[in-house]
Structure formats: structure tokens, C-alpha cells
């Protein structure tokens, strides 16, 4: 099967993730969408890695997972603290600062 | 490309692997001495985590401050040592198996970052501004970040005199990431460094002692948008990797130039597929421009700058910009010199938008921190003008500008921390009315910083601005210079407004008081003023440094 | 390239003395206000002495630039710390050093703190320190032969001026204090922004100059252009010229870039107003003469017609608007605009008489406006109003004040026997020689000048004595000490301007050769 | 000897300086100092005169060069004096009459607390006037020219508390300034044409210059003359100038300053000789003015204004004569001098009358004064006879010569000018007789002044009487002396002279002159001698009413210049504020508005920020691809 298709898939996933970031209100969901984007990247890396026949891409993918994990830690920490303070995880509620 | 070709090629890969035993992976060879600055800071960061874990609460603050300052100083010493050892010029080379470049720009920027961070850490460590709370000296950070604002839990924490000394390890990790960022010599390192300094910053933003809701909001925004942008960056990296078959700057550069040694015919399809290259480049660029705070990727800046604890804001504004611009320079000058004619026009647009946008929107700001945020955007625009020059003088001018700018910024934000009323820092401009009458010295110092921002001669701001504009003009970007000049004219207006407010309007009865800072902040501000004037009056020495440091290794 | 290089850096010292004096004055503790005043006065007098030495050391016959100093400064920008004076510079330095002591003396009480203001606020020290700082920068800018150095001073002097205007407004203000403060800071901001914009546009041109020339040394660039080793494309030269000229035209100020001046002079205290129009603005016209003509002779000639027209508009327009003013200080401001029109006209007439006249005009206008404005200031501080309508019959109660005011006015309308006549007539003759029509139009200015001056005098000084005026005291000794010397100088220079023309003539000769212009020869060679 | 010239100017200048800077301590002695120094100047003048007479006609001129005034590349102006016969004539007139009027003022200004300053101004005037006539180049002449203007301004406005006086002073200065434009432009043209503006070179070289240039110079000089000598169209200031103290009117606005214009033209004889067109204009201006002034003089009831009108018209004669060229120059000057005597005398007389009549100036409130102030009556009467040209008195000689010359001009021009001058003579006789009759004859029409105390006419103090007497002597004898002592030969070397032959013989002209004079007197007698003079002026004919309003000149000026100017300045002020300034403020405001609108984008919603980032990236990508595509 032509590996290029995987690229299309990853692009699709990335776009879905981006769209999610743009339209969803719930911070958690937004954050998940970001994770989706990262994983789309991973898919692309792995695919390219296979196409190029070298392992760099796969290594990057591993690193990305680690980073993603780290982001989860930090991100959830922040979002949760906000949630506890405001009893809402809506991104739009967090708009004290504007203009 | 045709699928079968790949299949076959990959097939050969596998079969050959099956036949002969895999040769051993060579042990990575790390030049520890040349990475010393980074290693010291990382080590210190790890140490300070341990400090958090094992040192009793009483001792932590002292230990952390001591440790961080020591580590940063040591790292700076290491940088100086390396520079003295010629690693900035003759011995410049790629260390850590192509991951990290040790060359002039890297060392210069690392030096700048380290100095800025030391000053910033001083502002972190300031504990005299707020009145003691239940007998405990307090700094600008939340007693316990986890506690819900206004909850009993928080009150208890305050009563117990807790302080978030974690800020120091955060800062150290962030610094470590920033040190690597401009030195990163492959896209992976670039990405990792980015995350390493971003994540701690997200957290630092959330740690304000006062106005915690805003602080947390800032953190959320910064985090989500940051993550969003880094996703773009990463996808861009993926595309570039797909284009060049490697994440190493050198290789990509070769492929872009078309001077790559030997292309596996099977890969010829993706290699040199410009769509991948250009899209990937654009997305990576976006990731960096986001950190730089360039229009239209700037919108996080004002909110985050306003919400974050002021010392953190200063730290971000200074160090992050330096690191990000360093990375941007390296990307554009090392990886994509062959692409100059593609990226220059785009950058032109961004630069113009950034200069004008920052200046214009700043006019109507009413909060001093937001004002400075927009001013930092405008300055990003000026810096971009220097970047666009695409000449060695362009590099050196940007380096010089970054050095000058970071000190002014930290100083300015340090002054902001001094002006306080019952609700903590009085950041609304109306509160600053007549400050010059109340405490002429502070007002005068802040005026100096503002004039530097405005680029009035005899301040570092002017030297830097002149340097970048000169470079731009030499690089054939005269139009940019004119736009830059116009936007500085606009920008001048709101800096002036603040000065008018401070000196020419009568002080209000309920106006803020100016806290008398401890040695820490005093040192920070003094350093700011000193550098501002020094670089304004006699910039030659630093210009020389920047010139010597203006050659990238590849 | 460089003339008599002096072992002793006289020029630097001349500028450094007021600068250091400024810092010392600022450092005087809040309580010792009077000490600060005396310190400032002494420093300014010392500067005057130094300026006198410069004047004496300058040899009219000698090199173009004398007492030169040259040190490396910012190699990277091709910038050197390069000083040197020609006759024009010497004359203007003398003017500056001469006026500042009187400005300080006249402003003796202008900056005394109000009872309400806080103890740590030290306006008096600040006021005099700023004045000295301005003096230092102005003097240095007259000495700078390095474009970049000049530019830096040109811009930097805005800051102290800005604080002088905005920080120490005219206490005698129509309307409430808030209103006054608002108008004052409006004036200050307007002043700063106008000049800053001008300066920034000039910055672009300065950078452009560097790109084409590679350094900033006036002498080197001019020399290189003269001997053809530096070619600048015509269009480029014109753009650069415009960049420079715009900044100077804002500073000068030339119609239609003049509107900041009335606000600034109206809101500032009289001494500061004098500082603006008599000293700081001269930097603009001086720079036209030295940099526009010196660096871009061709472009200057190309632009001359337009500039002459603008200058004429300034002359007539300024005078007419002055006639319509209701505020004494604004009237003087518009009068100054008219006079600056004459100066610029003289510069761009490109005849020896015109340029000598313009240079003398800078000096004379400085002194005469100082005389008029300071007396007006004394008057205003007495009555507490700037409105002409609030006065009348002053000459009855304060004859000396009225008399000096009249002399100042007569100087402004350039009556023969008083200095400005000499310069104005030279400008007119010089202009007529090259552009007869312009000369004739400009001549109408002398009637208009008489009009606004005499109307002002009649409405304030003559007629039945107004009730509020009845109590006004006549000039006090301190005030006489300000006015009398100025008037003496005016009359001396009006009858015997030779000391000035001697230093100016050679400089003019050089400028004329810069722009490769010859004076038009008379039709008939008179039997001498 | 020539080193004394500077002292001529120096003495009164010193006086002015001392008196004006001296302060109150000189209030006692001030007037004596002033008078003394004026006298000194006169004495030196006499000394130099004697010396001059001792020399041959050609080497009489003296020169003294003090120092270079304005040394500039190609432009040399000296402070240098030239004393030739022409200047000498003026020197004697100015310092002589000047001194007399100083003396007169001692008495006249006795009760004015600012008398010291008055004498200071008088000295200043004398100095400036002497500088004017002694200058050896046009620029220095301009110096004096403006100097006398200043003195005149200060003296007209001497009673500054009177708004009318202040206004009159301002008006005088401004109108003169308009004239000065002419002088300065003339100098500019000279400089560009000859490269110098010293009398000698310019006048010598004037032949070589082009006709047009010379005409231009001539007309510009004429403009200057009109301003200073109150000739049409710049005459409007002279009437108002009567606001000044009477001695001022006598000295400045009758005897000396107003004749400076005539001096200027005669001094520039060579230029005018070479520019006939300019000369023609000069004669026309003269003719018009002499009628204009005369008509105005007929209608005025204010004695000083009537005399002012007469002054205007007499100077018209001089200008006309000067316009006639070599046949007229000498007589212009001659009439100038005689006029200096009798007009000064008349003014002093008027002053004396006012002095006795509580400063009443309306002749309709005089009458029958001859018995109360006999000396004034006699001196005034002699002046009167002189001015109307009564045979044998000074005015007769000078005016008759001018009329002859006018006819001698020849052609239609000659006839017209001659007729005009004759007509002028008739009118002169008419209005002067009118003045005489209304003042000294007829029944008393006195009225109490504002404070209600009736006038007690009395003879003036000796200090005032003596000058009047001396001037009367001058106005009686002056003409004859000049006629027979050879004034023509005296001036001829400077101004040149050729005898003019009127088409109808000189005798006939003289006869006509006398005839018209008699007619004029007769008419006046019929109107004012035979029937009583109404105490309030009758409405009078249209012409009369116009003449009372100075033939509507002021109404014209007001309508055109004052009103127009006011509107102009007002609109310019508006333009300056709204347009010139408005543009800038508008730009600033629009930037602010833009800022306000852009600010709205920063709406605080993280997602919209993300949108901008996303969009930005999209654009970035598109742009990059596009760059490659093109």
C-alpha cells in the first residue's frame, strides 16, 4: 500500500485537531485536539521515516510522545487549577484580559 | 513518486538486514566541555528539584536563590570561557553528534540569556515589596499554587508562610531550554528545546500571588496557544524531514542547495519536492514567530504579559525573545539560505505588520504591562527588519539589539513591580499620574527605559535601532526602514504619553506608593539603567562582540 | 582635511562645562534652591567666557573648520566624535552662550516650587539643570562636523526642551489649573512629536547617507563629493536632501510645519520660549546652511524654488496671523515664524549677501526676540494674563518697561540702527539679486512687521490706564539687568556689526563654493 | 573742517541719549540741555557754512568717512557723510528752525510732566534728520529716513493716553513704512544694477543704466517720497499727525521731515533726469497733491488741520518743481526753505493761539483775537502774507519761480501744470485768508472748554514769542535774500540748473500769480469777512463735506485696507488653526481611531487568537508557495 496515503491521513488528522482547537470550548477537549495534532505529526514522521528508509523519523516520534506526555502533565495541572477556581473548563470563560 | 520503487527499496533494506548482522551502534560522542553551559544549568535545575524535595521549607528560599544564581553565573563563566577559547570563531563547530552548534551566535545569545536570567532571578527573589504577611516575607508568587484562590486552603498556606520556591527550578529548566534553542542544530533538538523552556514558562505564568485568576487565565491561554503553535512547528518539522530525509540542519541545507552528496534514487521523489519544503518551512517559521510574538501570531502576548507575575513577564519578554530570535536566525541563515528569495518577501510582510500593528494598537492601551507587551511586539518588528537584511551585519545588529533590549525590558518590568497600591501592583496607567512628583528617581529611571524603548539617541535603544535599520538599508530593505521609522514615530507617542503622565500631571490623592526594594531589584534596575546608557553612549565594544559573533557554523 | 588642531579640546570643554554644571545643579538638595540658581548662573557665565575665547581664537582668515577635534567613537557606524567650528558656528555659539545667562536670570523665580508640591520634588534644580543641558547640547550641535553626532544631539536636545515646556508652564494662564496643565502637556507633546517625526525621517536619510557614503564626516563626504570620488545618484541625493530638510524645516520652523511653535511658546514660560525660538530653533536653520547645502548642493539648488516659495509664505503668512493674535506670546511666536521665513529665504537665495544676512539674522533675531519676549514675560508675570485685551496704558504706570518693550518691538520690525535691520536688509538685497520678485514680495514683510508690532504696543502700552494695570510696578533691578545688556548689544550690532561679519564672511564664501554659486554681477560697473 | 560734520549729528544724538536714559533727575534741566545741544549743532552748521562760502563753487563739498557699517562680500555700506551745498541748506534749516522750536517748546510744554522726554525725542529727531541729509549713500539715508519716522511716531503719540494720538502715531508710521518699501526696493535695484548705493558712483553711472531700470528706481524713490512727504496716495497720515503737540507739527510736519521727500528726489536728480517717464509721474503726483491739499485746507475748521492741508499742497508745489528737472530743482529747494520759515511760523502762531484759548482748535470758536495777542497776530499775519505769495515776501519769490518753471516745461504739459499751479495759488490765498479772518477778525465766538471755564486769551510767554518773531523775519526776508544773494548759483553745482522760459513771458506769469492771489483773497473776504461766521459749520456742498473728510481718503483706506486686512487676518488665523493644524491633529486622531478598532480584535478569547494564528499560518504558506510560483 502506498505510504503516501498515510501522509494524507496524518494531514487529515492534523486538520481535524486544528479545527477542534478552533471550535471546541472545553479546555480539556481543546487540549486533546492539540494532542491529536501531535499524533498526526507522529504519523507523518513514521511514514516519512519508512519512505526514506532511515530511522530519524521514528526517533522523533518517540521524543514527541515524551513531550506530549509532559505537556499533558503541565496542561492538566493548569487547566484543573483553573477549573477549581472557576468551576468551568470553558476556554471562553477565561477572558478577563482583553483589548 | 511510484509506490513500487519505495517498496523495493525498503524491501532491500529489510533483506540486507536479515543477511548480515546489524553492526553496533557507535557510542554517542559528547563534547562535555563545550556543552558545559547547558549542562551546568540543567544540573542545577535537577539539583534544585532535589532541594525542593529534601531541604526544609525555611531553608529552601535561600538555598534556591543561592543555587540558581550560582549556576547561572557559572554557566555564564563557562560561556565566556568558551568564547575566549575561540569556540566563537575559529574553533566553532557542531557538537553532540550534530545536535548542537557551538559558534559565535550561539555563545553570544547564551551569554545574553544567562545575564538576563540572572537579573530576572534577582527580581524573582525580591521579597520586600509587599508588606510581610503574618510575619512572613512574601514574593510575587502564590503561597500555594494548587490552592483555590480565596479558599481557606490558600489562607492557611499564607498563614503558614508557604512560598512557591519551585519557581527557581522552573526558571532554571526554562533557561536550559533557552540555551539550547538558539544553538540547536537539528529540528528535533529545536523542538525539544522549545518545549523544555515553554512548559516551565506556562507554569510560571500561573503562579502570581495577586490577581490569581488573571494569572491562571494567562497560563491557560499561553499554554493552549503555545501547544497549538508547537504542533504546527512539529508538523512543519515532519514535512521538512519528509523533504530532506533528515532533521539535521546541514543535510536539509544541502538538499535545499541541491548540493547533497548522494541521493538514494528511491528517495528522489520526496527529496526536492518543493511543496513539502515550502509548507514545512512556513509552519516551522510560524512556530518561531509565535514565540517571537510577531503579528499575526502575537495575540497571546498582551494577555500573558499582563496576567503573569511581573518578574516572570520580564523574564519571558527578555530571555524568550532572545532565544527565539536566535533560533530564527539560525534557521533562516543556516538551513534556508538557498531559500532567501522565498522567505524574504514573506518576512517583509510579517515585519511591516508587526512594526505597525504593535505601535498602533499600543497607543490606546491603559495598562502599563499591556503597553509594554505591545511595545515588545513593535520591537520584534524592528528585529525582524534586521533579520531580513540577510547579511552578516544583519546578524550582528540583531544580536546587539537583543542584548540591549533584554536589559531595558527586565529593568522596565522591575520598575513596574515597585509601583504598588492596596491591590498589589498598580498597573493601570491612570494610577501612574504624577509619579514624577512623588518619587522623582523611580520616575526618572522609568523615563530612561521608555526613552530607550522609543529609541531616543544616547540610549541603547537608539544604538540598536540604528544598527538594525542600517543593516536593513544595506541589505536593500530601504522601504522597511521607512516603515520602521514611521512606526517608531507612532510608538514614540505612547511612550511620551506615559512620561507626560508621570511628570506633568498632578499626583492623585489615592495614588500608588512606591515600594522601597531590596538589593535584588535594585541591582536588577541599576543593571538595566547602566547597560541602557552604556550601550547608548559607547556601543562600540559590544558591537565588536556582536560582529565577531556574527558567523554561523554549518 | 582638518585645520588648526588644538592640543587643548576647547570646543569640548565649552560644551562640557554647562553639561557638568547641569548635573551639579540637579544634584543640589531641595532646600538649597537659591544655591542652585546661583550655580546655574555662574556656570552659564563661565560658558560665556569660554565662548568668548572660542570667538577670539577663531581666525577668520584661517582654515574653514578650526579648533577641530576628532576621536574615534562608533567605528561600526562610521561615526567619529568630530568637532570644528566655522564662522557661522562661532557666531551661533556666541549667541547661545550670550543668551542663556539672561534666560536664567529672567527665569529666576519661574520654577520656585508651589507650597502644595511635595518636599522631594525639586522643580527649581530641575529647571535650571535642564536649561544648562539644552545649552550644552545646542553648543555641541553647532560644533559637530560629524553628521551622526549632530543628529544625536539634534534629537537628544528635544528631551530637556520637552520637560522645560511641559514641566514648567506659564503660571499666568487663562483658565483653570487643570486646563493649564492640559494645554501645557498638549503643547509639550506637540513640540516633541513634531520634532521627533522630523528627526526620525532624518534618521532614515542619515542611514541612507551612510549606505551611500560609508561614513558621516561632513568634511570627508563634502570633500569626496567635490573631487568626484563619491558619486551620488541624482534621485538618491534628492531623497536624502528632503529627509534632512524636512527635519530642519520642522525645527526652523517653516510653513506649513510651524504650528507647534505658537503652542510651545505660548505655554512655556517666557525664558523657555526664548530658549526655543532664539536658541534651539537656530539649530534647524544652521543645519540647513551646513548640512543641506554642504552635503547636497545639487539637490539644494533643485529644491530652491519650492523652498523660496515656502519661505515667502512663512514671511507673509506668519506676519498676518501674528496681527490676528489675542495672546502676546503667540503673537511673538508667529512673528518669529515670519522671521524664520526671512532666514530660510536668505539661505536659499544662494548669494553672499543673502547667506551672510541669514547668519546675522539668526544671531540678531535671537537677541531681539529674547529682549521682546523677556520683557513681555515680565509684563505677563505682573498682570497674570497673556491676553492683549487685558492691558492698556502700561506706559503710564511703568514707563521703563514700556520703553524697553518698544525697543524690543522696534528691533522686531527691524528699524535701522538696531541689529535686525542689517540682517534683514542683507537678506532682502541678496534675495532680490537672484529672485527680484521674491525680493519684492518679502519686502512687504517690513510693513506687516510694523503693523503687528505697533498694534501690540498700542493696545498694551498706550491709551487710558486699565484698572487692573494701575498697580503694576516698573522693571526691577534684576529685570533691568536682563534687558539693558540685550538692548545694548542690539544697538551695538545695529551700528557696528563688523565683528560678526568678519567671522561670518569667510564661512559664507565656503558655502557659496560648496554650492558652486557666484553672486550675480551688477549690470553697470559703477565708476568707483 | 570736515571732521565737524559728525558732530552735527552727534550733538543732538548725545542729547537724546542723555535725556532718554537720564531718568527723573534731569527733569529740571532736561529742556535746557536739549535746546543747548540743538543750538550747538546749529552753531557748527554756521561755522561750516562760513567755511564753505570761503571756497570756490566746485570744491565746496566736504566728505567724512567714519567706518564701514556693513562689510559683506560685494556689499559695502559706510557710515560716511557728504556735506555739499544742498545738504548745507538743509542743515541750516533743520538745526536753525529746530533750535527755535526747542526754545518755543520750553514754554509750550512747561506744564507737561514728561517735558524731558519730549526734548529727548526732539533731539532724536534733529539728529536723525541731519543724518538723513548728510548721508553719502542711500542706505545711510534710509537709516535717517527711518529715524525721523521713529521720532515722528514718538512725538505724534507723545500724549499716548489719548487713543486718538496713539492711533495717529501708528498710522503715520505704517503709511511711512509703505513708502519705505519703495526706498528699500530702490536701493536693491541700485545694488543689483550698479553694485553700490553710494550717491557718487550711482549718480555718475546712472547714465549707463537702462531706461527701464532708471524709471523703476525713480518710481520707487517717488513712492518713498510720497510716504514721507504726505503726497497722494500716501497723504492720509498727515492730517491725523496734528494730534501731536504743536511744536512737533511745526518742526516735523511743516518745516523739515515732510520735505525729506523733496530732498530725496532732488538728491537723485541725475536718475530722474535720465528717466523722463518717472519725472512725468512726479509732476503729476505733485500737481494732484497741491490741489488735493488746498481743497482739504479750505474745508477744515480745525486750525492745525487747515494748516496741515496747506502743508500738503505746498509740498505738492515742491514735488512738482522737482519733477520738472533742472529748471525746477533749485526752486523746489528754495520754496522748501521759505516754506520752512513761514509754515513753521504759522504753526507756532496757531500753537500760541491754542495756548491762549485752552487748547481750543476749532476756528469757529475763535474770532477777534488780534487785539488779545498782538504779537501772534503780527507774526502769523506775516507768515500768511508770505504763504499766499504777497509780492516781496519770501513765498512770492519761491512760488512764482515754480509757476514759471511749470509753464516753462513747455507743451501741453507745461500749460496744464502751469494752470494747476496758478489754481493752487488762488486756493491757497483763499483758505489762508479764511484762516486769518476766522481767527483774528470778526466777533468773538469763544466758548468755555470742557471744564466750563471760559478762555482768557493772552499773549504767550517770551520763550514762545521770540521764535515766532524770528521765523516771521525769516518768512518776510527769506525770499528776497535768496533771490538777490544768488541761491540758484549756490545750489547749481549740485542740482544743476537751466533757466526755463515760459511761453508767456515771466512778467506775465508773475502778473497772473498776483492776480489769482487777489481773487482768492477777495473770495475769502466776501465769504468770511463780510458776513459773520456760523459757530457751527453749515452742512455745505458735497465737495465741502468730502473735503472735511479729507476727500474720503480715510474712508477708502478703511474700507479697503483696514476692513479687508482684518478679514484676511481673521480668516488666516482660522486657516492656521483648522486647516494647517487640523491636518496634523486629524492624522493623529485617525491613527488613534485605527488603534481603537484594531484593539477590538484582542477580544480575550483564546480561540479567536488561535484563529488568527491559524489564518496567519495559512497566509504564510500561501504566500510562500505563491513566491515560488511567480
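Letters A, B, C and D mark the chains as written, and numbering starts fresh at 1 in each.
Rule of thumb we're sticking to: contacts are C-beta pairs under 8 Å (C-beta built on N, C-alpha and C of every residue); 3 or more make two chains touch, one makes a residue touch a chain.
The structure presented is a predicted model; accordingly, all values stated were derived computationally and were not measured.
Asker: Give the chains in contact with both subunit B and subunit C, ordered by label.
Answerer: Both-contact set = D.
Asker: Of the chains shown, whose Cα centre falls closest to the middle of all protein Cα atoms?
Answerer: Given all protein C-alpha atoms shown, the central chain works out to be C.
Asker: From the centre of subunit C, which chain's CA centre is farthest?
Answerer: Using the mean of the C-alpha atoms as each chain's centre, the farthest one from subunit C is A.
Asker: Roughly how far is subunit C from subunit D, centre to centre by C-alpha average, rounded to an integer in Å?
Answerer: Chain centres of subunit C and subunit D, defined by C-alpha means, are spaced 37 Å apart.
Asker: Which integer distance in Å separates the CA centroid of subunit A from that of subunit C?
Answerer: The answer is 65 Å.
Asker: How many angstrom lie between the CA centroids of subunit A and subunit B, rounded to a whole number?
Answerer: The answer is 23 Å.
Asker: Calculate how many whole Å lie between the centre of subunit A and the centre of subunit D, each centre taken as the average of the chain's C-alpha atoms.
Answerer: Chain centroid spacing, subunit A to subunit D, equals 97 Å.
Asker: Going by the contact rule already set, what residues in subunit D reach two or more other chains?
Answerer: As it turns out, subunit D has residues touching two or more other chains at 588, 599, 602, 604, 606, 610.
Asker: When you check subunit A against every other chain, which residues touch at least two of them?
Answerer: In subunit A, 18, 21, 30, 91, 94-98 touch at least two other chains.
Asker: Of all residues in subunit B, which are in touch with two or more distinct other chains?
Answerer: In subunit B, 220-221, 224, 228, 232, 302-303, 493 touch at least two other chains.
Asker: Between which chains does touch occur?
Answerer: A-B, A-D, B-C, B-D, C-D
Asker: Write out the stretch or stretches of subunit B touching subunit C in their complex.
Answerer: Touching subunit C from subunit B are residues 436-440, 451, 456-458, 462-463, 466-467, 469-470, 473-474, 478, 481-482, 485-486, 488-489, 492-493, 496-497, 500, 503-507, 538-540, 543-544, 547.
Asker: Taking the touch rule as given, give the residues of subunit A at its contact with subunit B in the complex, in rising order.
Answerer: Within the complex, subunit A contacts subunit B at residues 1-4, 7, 10, 14, 17-18, 21, 27, 30-31, 34, 37-38, 40-41, 44-45, 47-54, 56-57, 59-60, 63-64, 67, 70-71, 74-75, 77-79, 81-82, 84-86, 91, 94-98.
Asker: Over in the complex, which subunit D residues touch subunit B? Could you list them?
Answerer: Per the touch definition, subunit D meets subunit B at residues 588, 591-592, 594-596, 598-599, 601-602, 604, 606, 608-610, 612-613, 615-617, 619-621, 623-625, 627-628.
Asker: Under the touch definition given earlier, write down the residues of subunit B that touch subunit D in their complex.
Answerer: 220-221, 224-225, 228-229, 232, 274-275, 278-279, 281-283, 285-286, 290, 296-297, 299-300, 302-303, 341-343, 345-346, 349-350, 357, 360-364, 490, 493
Asker: Can you name the residues of subunit B that touch subunit A in the complex?
Answerer: Those residues of subunit B that touch subunit A are 1, 3, 6, 9-10, 13, 145-146, 148-149, 188, 191-192, 195, 199, 202-203, 206, 212-214, 216-221, 223-224, 227-228, 231-232, 234-235, 237-239, 241-242, 245-247, 264, 266-267, 270, 302-303, 306-307, 370.
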